[in-house]
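There are structures below to look over.
One chain, subunit A, appears in both complexes that follow, with subunit B as partner in the first and subunit C in the second.
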Partner chain A sequence: MSRWRYFLMRLGLMIPVLFLVMTIIFVALRMGPLDPVAAILGPEGTGGDAVAIREQLGLNEPLWRQYLDFIWSLITLDLGQSWVIQEGRSVNGLIMIYAPRTIWLGLWAILLPLFLGIPLGFYAGLHPNSWADYLASFSGIVWLAMPNFWLAIMLLTFLRRTDGTRFDWYQIGPEIRSIIGTPPLDFIAITDGFSVLPFWFTFDLGGFLVAVKLIIPPALVLGSASMAAELRIGRTAMLETINSNYVDTARAKGLSNRIIIWKHVFRNALIPLVPIITNEAVLLIGGSVIIEYIFGINGLGALFFHAAVQGDLPLAGSLIFFFTLIIILLNILQDLLYTLLDPRVGYER
Partner chain B sequence: MKGASEEMRLHDRVRSNPRPAIVWAVGVAILVLLELGRIADGLVRAGDITRIVLSLIASVPLWVGRNVAAELPGSIGMLMGNVAVIITTALLMLVIAPLILRLLPGGSIADRHNVTNTPEYRLAVDLVVVTGLLLVGFAALAYTPVGALADAMSRTIGDGVRTVGHLPTITGRETIPNEGHRLPDGGWAGTFLGLSPAWAWGIRVGVIYGYAFVALAWAWVGYTTYRSYYRVADWTPRDDSINRMRRHWWGLFGLTVVFAFVVMAIWAPSLGPVDIQHNHFQPYQHEFTYLSEDGEVESILHGSANLDTRSQGGASTVGIWSYDQYDRWAPLGTATNGADLFTVLAFGARTSLVIGLVSIGLGTMIALALSLITAYYKGLIDVLTVVTSDAIISIPAFLFVLLISVLFQQADHPIADVYDGGLLLALIFAAVYWPGLWRSIRGPSLQVAEGEWVDAARSYGQRPMTIMRKHMAPYVATYILIYASLLLGGIIIATAALSFLGLGVTHPTPEWGRIVDQGRSYVGTSAWHVSTVPGLMIVLVVTGFNALGDALRDAIDPESTGGGAADATAAGGGG
Partner chain C sequence: MENTMMFLLLKDRLVLMPHRKTVSRRRFLLASGGVASIGAAGCLGDDDEITADDTADDDSVDDDDDPDGLTNVEKAQTAWDRVVEHPHPDDEDVRNESYVEMEEAIRDDMILLPLFHGKSERFSYEWVDMPEMGPLGSHHQQYHNVELDTGHEHKDENVFEVINSTVTTLDPIQSTDTASSVVIGQVYECLTTYPAGNLELENQLADDVEISDDLLTYTFHIKEGVQFHDGEELTAADFKYAWRRVAESPGSRRASFLLSPTHLGLVAETDEDEGVGPANVVPDSIAFEVIDDHTFEIELTDPTPGALDILSYDAFAAVPEGYVDDLEDYDGEVSQEEVSSEAMRGTGPFEFVAWSPGDEVSVTRFEDYHEGQPIPEAVHWIILEDADAIWTYINERNADAFGIPTAHYDRDLVDAEEDDMGREVGTYAELDNGDEVNYVAVSDISTFYFAFNGGQTITAARQAVAYATDHEELVDLVFEGRGTVAFSFTPPDLWPEEVISYDDWVDEWPYSPNETDIASANEVLAEAGYDEDDPYELEITTYDDPTFQEAAALTRDKLAGSGMEFEIREAQFADLIASGHDGELQAFSLGWIWSWQDIAYGMFGFEPANTNTDLIPEQADGYYLDWEQVDDE
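Here is the complex of A and B:
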């Protein structure tokens, strides 16, 4: 099987997967133990409201009809509306408002571990069995075992305690009044009307720095597990590559160490990191609930949490479908990257 | 194997050289006698749980029947409901029948009566016969006096075991009591040998862990005895794995931590400095005595005393390694509600372990069965399993678990009440995490399905079920251990995270994540220990499981590289 055919096969397999996901969500929400209308209205909902909502959600239709409607609206990305959290607003509109905050968090939660974890791992791999290696490996292990919610609490307490000391988190860089809260993302704005400059958006450096400063602690916590994973994988990848035959060949050819590392070793060591980096997205979506809850960020994770806890099942169901869609797309992207990066993929199967 | 020949059974081999086996058995007998009460107590509990599970299973047919009757109108509904009850019962029996078949001593029923020769029919005949017998048996139990007789018999046995369960044990609270009060002249009353409560408690903890580690060591001695005296083979591939494991220091560290965690969960009632029933579950129904400031010995309710020992950053905070105002020993301080933190944490370990083991056990069963079937038959069922597992893996696990647990909790579903939501959580974890387990053993099971011995067994005419069970499962099962150990860490974190959010395991069952949540606002104060200690314990235990998983991988599959912990944490991720 050629690698492109393999890729297409994987792509084709995503269609039944997507249908099954929609079916699972449908079964959980419409056939599960909790009646959606009772969840929305709470125990003291009145009869008239219940009938109206039941009608509007289409719960009076036969089950197969509900199923078809449900699937169809999800396929056409018509995600319905919220019933409790922000009554009457469309889910698509809510996602547009809440998503940028989560993306901002996720962006930094991917960037920070990338620029900390991989270099540390490569360094440890280049100096195996040194003290630096042991320290990096050990902290990687502990990092991996640390629950995010606990780490977040400890970090917050530490930062709060710095108030008034020499290392005062409130004073370093741009001044902030609270460590937690939604980072202001209005530092970047699209100007309406004509602009003389070639840029059609404005950029506010001060606001940008505040947004960065607010996001660094949660992003560090959210990225902690991936950082540990990247460190470990980076270390083994580097160790394996550096001991492989082609490095010996390159060395025998008289290539300098720097060229060997940057041109040959580095590229090959990156291959096993591809799934780690895409896996991170999954970790981020799962972890965003807790992190946004603790750090008071009004993003998609917090929205989902409140929707689930306050019985806004249509919103929660739509959001979980949205997340799943992103993960499926990321999996496709990962397969594509594999197909491009590693010529061996699909050959052995 | 000295002087043992291959034809001899284990029984004969032991008889020909009994000394090492007797020495070991005597050791086991002593260890069992020391803890007879606790073992009997455990049996009673296991019996209770089995009864609950059986009654749940038994209620399924009626439940299905009710639902069918409700869907259809009038008398047709009634009729169809009854038919559904019978059909569901028969189906349940059909599921149980293969288990009974395997236990039957003489093998196939059809064979003994020469009904048929073709293997497929043979199986079908066996199943039908056993199912029929089961139905008759259950009808007899339900509608004739036989049932009452069986009930009385099981009750008598249960009472006997229960009586044994009250015997004192070497690790019991009564054997080494640490709850007492100060005497006016400076000594202690009611504690072990009149020592201070801290010392008495320390000795008890030492005895418990000493006993547990001696038992573990003795199990190892038993294995080596078997290996050097009674095993026929001089060497098996598994010996190499075990030897690699023995030299794996990181893995031994993990094993020690995991074992200490398991001991904490099993001995939780004895480990705490106070009785959890008195101190945490029913604080207003139990009293204890203390020496008041006037020099009088007075008694007070645990609940009233707890009000003065709440660790909320104020003056009432009881820190680590100290006595509270009422001279109760608190090795890890008190929780925010004034209950002893160590006691609550020990039971929290039990909660985590039970949830982890139930979910991993169920998930492993599903994954193992599916992996054998898909690897053996391939084709459509393989594709279906791939699609299903891909779909479940694509849904963000933590969010899905959160949503489902909210659904059941808000609907007040009876299953959400069992173990304060613990059982529900375990079931959801099993449903969500089996695809990961299945994937982790897909490679090995595909490999083993290609093995020549499987081909050979097939050409002998062995049944597919037997081939899978005898020739594939043992090889695949060792691989599942690796991932299961790593996943357990992830499940512990996820359970704690859900409880932290106020879902998952709810009050009063102790859970580590919920304690972290309760102490959250006081981390910056003198009551910092409430959140910090459980968090550190989670880190330690999860590190232990990760280390054990890594070591198992190195021992079982030394060729493999990387991965492991990172993948599993990703699976459990979100906490």
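Here is the complex of A and C:
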């Protein structure tokens, strides 16, 4: 089977999975105990209004009809309006508002461990049983063991109390008023005319730095567990690779240590890390409801949670549709990365 | 003092009510329900025949019964019918006596156990000077007279910074939550208002009102020279348009507040072809007649003593005629999606600037506001839900006025005294950052309770829970003292003192008030045939609010080893309400918050026929009690 046929097959297999997920969310929200009308009206609501809303949302239609409408709206990407969370706003609009926040957090929650965890792990693997190794391995376990919500609260308290001290987090780099809240993501914007940069974008460096500064603490917390995981697996992978026979051979034929490590060992040691990293990419979309809450960043995670518990079918359904889509695509990307990193992995039987 | 001055200023404004009224009329059943009341009233027979003296000819006598042979259900039903038959302002005594009778029936059948009345607290930094809020809640407060001392080292800008929870809509006819109404109240205005949530209704956009002798026709004169944010002058036609939106717009969530006789009850034509529920109103048929630019007349189906109070509700706010495209005969400047998410145009002290969902909302002052230029240049809300996020934001001195999450609250830090309005005013010291802040607390007009389904519980079990509950301890332990103990559904602020003083009522409360009386609980359970070996099983459903769960857990622990096995189920709010509608809750916890000052607005839900969950929500709108099914043995 050629690589492309394999990918086509994988893409084809997405369809039944998507249908299954759509059906599950429909069953859970429409046939479960949740009533969007009760959520809309609150305890003060009266019967007459409930009847009208039920009719307006199409909840009086037979269930199979509602199911078909629901599936059709997702397939055609005509996602409609939110029922409960922000009545009247289009689901597309809501996703456009909430998604960048989660992506920004997720991006840094992946980048930070990638550029901290893996180098530390490799370093520890290259210098096994040294003090540096002990320190890195020990801190890895500590990072892994600390629960995120606790770490987040501690970090918030610590940073808040630096106000007015010599290490004043509020004053370091760009000045910020608060360490919580949604980072301003308008540092990049589409222009209608000329700009310094090529393309049609403007880029505001100050705004960018503020956005980065605000996102670093939550990203560090959110990425802490993955950072530790990458550190420990990176160390093991490096140890295993560096002790393999071909390294001895390379050494025997006189290659310099630098070439051995960067050209051969590094690449091979990355292989076990690929699934770890791509799985972490799920953070990009789901984010972490808890971290988003504590740092006051309202992203997709929190939005989905609210939508699900209030029976907001169009919103919750659309979000889970996209989550599933992205997770499947990430898996396919993971397979692709394997074949690039390790040519022995192929698709022939 | 700045505050006293502000208060006098408010008092100078005209209070327009002809009579002091605390009662509004509720119907026996919703008119739209279409179910004959005789069927719903069940054993009580035709409700027309029941009067105060005419008791049902039921000769079974129960211990709990009144001397005249009424069961508690009948007593409550009779009392409510009497309320309905006496809507006139002069009959307030009759109504008040009836309310107390209903409270007695609730207490004796223990169909609902009141736990506590809420308490609102507000903290503010020393650079803030704003009027104290009243018991109807701070979401009634407009911020135009908030003074900020920008000379203070920690306050640079004349922008009022506040924290809000998730806002769902900007459209007054769509809003059903306080977070949205806080924002809407700064931009839109109604005919009447409760300034800062105090219990004295005042004119907002109304100048004067004449009420006909039959209490059915109201003629309003609205203020002249009031401008919308685009400079157009407010006219009577704008009110008509705004109210038509309440009745006819598909986005309206409170059409029944306008049309249902249980609320305002405006006369309107209906037609089955137009839709279901209140949506069946014929376009442009509401009985609202524009007489001239500043005068209009409305006609009600029944006398509604609470009409002027109801008109202070957000949904009745003035909107410029033809602003939105949701009525057939108007093209509209903005679409319905825009008016609920990115466009607002009212007469209020602040103009809308931006709303970034889940992030922030900002409004800026309207220079031509009809009561003079607002003092703050702008108001900015950050949207935060998490206790730690809120606590961080507060300690960074980013919020000017705020509430403190219970997790970070310590009641020993409060130093406050009661003022002449019954509010506690003082200071709270200190916050994490070392600052002392202003403190004000006021009892809300709200009641939080455990309620029971009459058909699925036995009276002894309900009474046992009441015996086991120690109200003071509950408020202390679970709510950190942020509430006042409740022994009646009607809060003390509304209690009809003329009939029986509230203190006497509490003294007479039979279920060992403020102590845990497991012995008595076991006694009533034993009489019903339950003991430790064969306990009565009771499942209570609480919604996912930690305080209610703790309250239920406290009761469960107390009843451990007694003749009752008390189980707790947790449910999401929407799940709880939906199960309530279906009559599936054996017991549940909820709260009732009065939107306006009116005993009936809480009592209507106890009318036994109105608690029938077979008819809720379409044809009845009481609490989920199935009170008529109580077994009197």
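As a convention for this text, the second predicted complex is superposed on the first by the 301 of 349 C-alpha atoms of A that agree within 3 Å, B and C clash if a C-alpha of one lies under 4 Å from a C-alpha of the other, contacts with A are read in each partner's own complex, and residues count from 1 in each chain.
As a convention for this text, contacts are C-beta pairs under 8 Å (C-beta built on N, C-alpha and C of every residue); 3 or more make two chains touch, one makes a residue touch a chain.
Just so we're clear, the structure is a prediction, and the values are computed from it rather than from any experiment.
Novice: Based on the superposed arrangement around subunit A, label subunit B with subunit C as either clash or fit.
Specialist: Clash - subunit B and subunit C, as placed by superposing on subunit A, overlap.
Novice: Tell me which partner A:Q86 touches in the superposition: subunit B (first), subunit C (second), both or neither.
Specialist: Second partner only.
Novice: What is the contact status of A:Y293 with respect to subunit B (first) and subunit C (second): first, second, both, or neither?
Specialist: In the superposition, A:Y293 contacts both subunit B and subunit C.
Novice: Once the structures are superposed on A, label A:L34 by its partner contacts, choosing first (subunit B), second (subunit C), both or neither.
Specialist: A:L34 sits against subunit B and subunit C alike.
Novice: Contacts for A:Q66 in the overlay, against subunit B (first) and subunit C (second): which applies, first, second, both or neither?
Specialist: After superposing on A, A:Q66 lies clear of both subunit B and subunit C.
Novice: Quick check on the superposed pair: does A:Q171 touch subunit B, subunit C, both, or neither? Answer first, second, both or neither.
Specialist: After superposition on chain A, A:Q171 lies in contact with neither partner.
Novice: Touch check for A:S139: first (subunit B), second (subunit C), both, or neither?
Specialist: The answer is neither, since A:S139 touches no partner chain.
Novice: For A:N279, is the partner it touches subunit B (first), subunit C (second), both, or none of the two (neither)?
Specialist: Touch partner of A:N279: subunit B, not subunit C.
Novice: So, A:R160: does it touch subunit B (first), subunit C (second), both, or neither?
Specialist: Both: A:R160 reaches subunit B and subunit C.
Novice: On the A-aligned overlay, A:G311 touches which partner chain: subunit B = first, subunit C = second, or both, or neither?
Specialist: Touch status of A:G311: both partners.
Novice: List the residues of subunit A that touch subunit B in one complex and subunit C in the other.
Specialist: Touching subunit B in the first complex and subunit C in the second, residues 33-35, 39, 153, 157, 160-161, 293, 309, 311 of subunit A appear in both lists.
Novice: Show me the residue ranges of subunit B that touch subunit A in the complex, using the header's touch definition.
Specialist: Where subunit B meets subunit A, its residues are 386-388, 390-392, 394-400, 402-404, 406-408, 410-411, 413, 489, 493, 496-497, 500-503, 513, 516, 520, 523-524, 531-532, 535, 538-540, 542-543, 546-547, 561-563, 565-567, 569-570, 573-575.
Novice: Provide the residue numbers of subunit C that touch subunit A in the complex, in ascending order.
Specialist: Touch residues, subunit C against subunit A: 30, 32-33, 166, 168-169, 171, 174, 176-177, 250-251, 253-257, 259-260, 262-263, 275-279, 336-337, 340-341, 356-360, 382-386, 388-389, 392-393, 395-396, 398, 432-433, 571-575, 577-579, 581, 590-593, 595, 616-621.
Novice: Help me check something: in the complex, which residues belonging to subunit A touch subunit C?
Specialist: Within the complex, subunit A contacts subunit C at residues 33-36, 38-53, 55-56, 81, 84-90, 93-94, 97-98, 101, 152-153, 156-157, 160-161, 163, 177-182, 293-296, 298-299, 302-303, 306, 309-311.
Novice: Tell me, which parts of subunit A touch subunit B in their complex?
Specialist: Within the complex, subunit A touches subunit B at residues 13-14, 16-18, 20-21, 24-25, 28-29, 32-35, 39, 141-142, 144-150, 153-154, 157, 160-161, 225, 228-229, 232-233, 236-237, 240, 272, 276, 279, 282-283, 285-287, 289-290, 293, 304-305, 308-309, 311, 313, 316-317, 320, 323-324, 327-328, 331.
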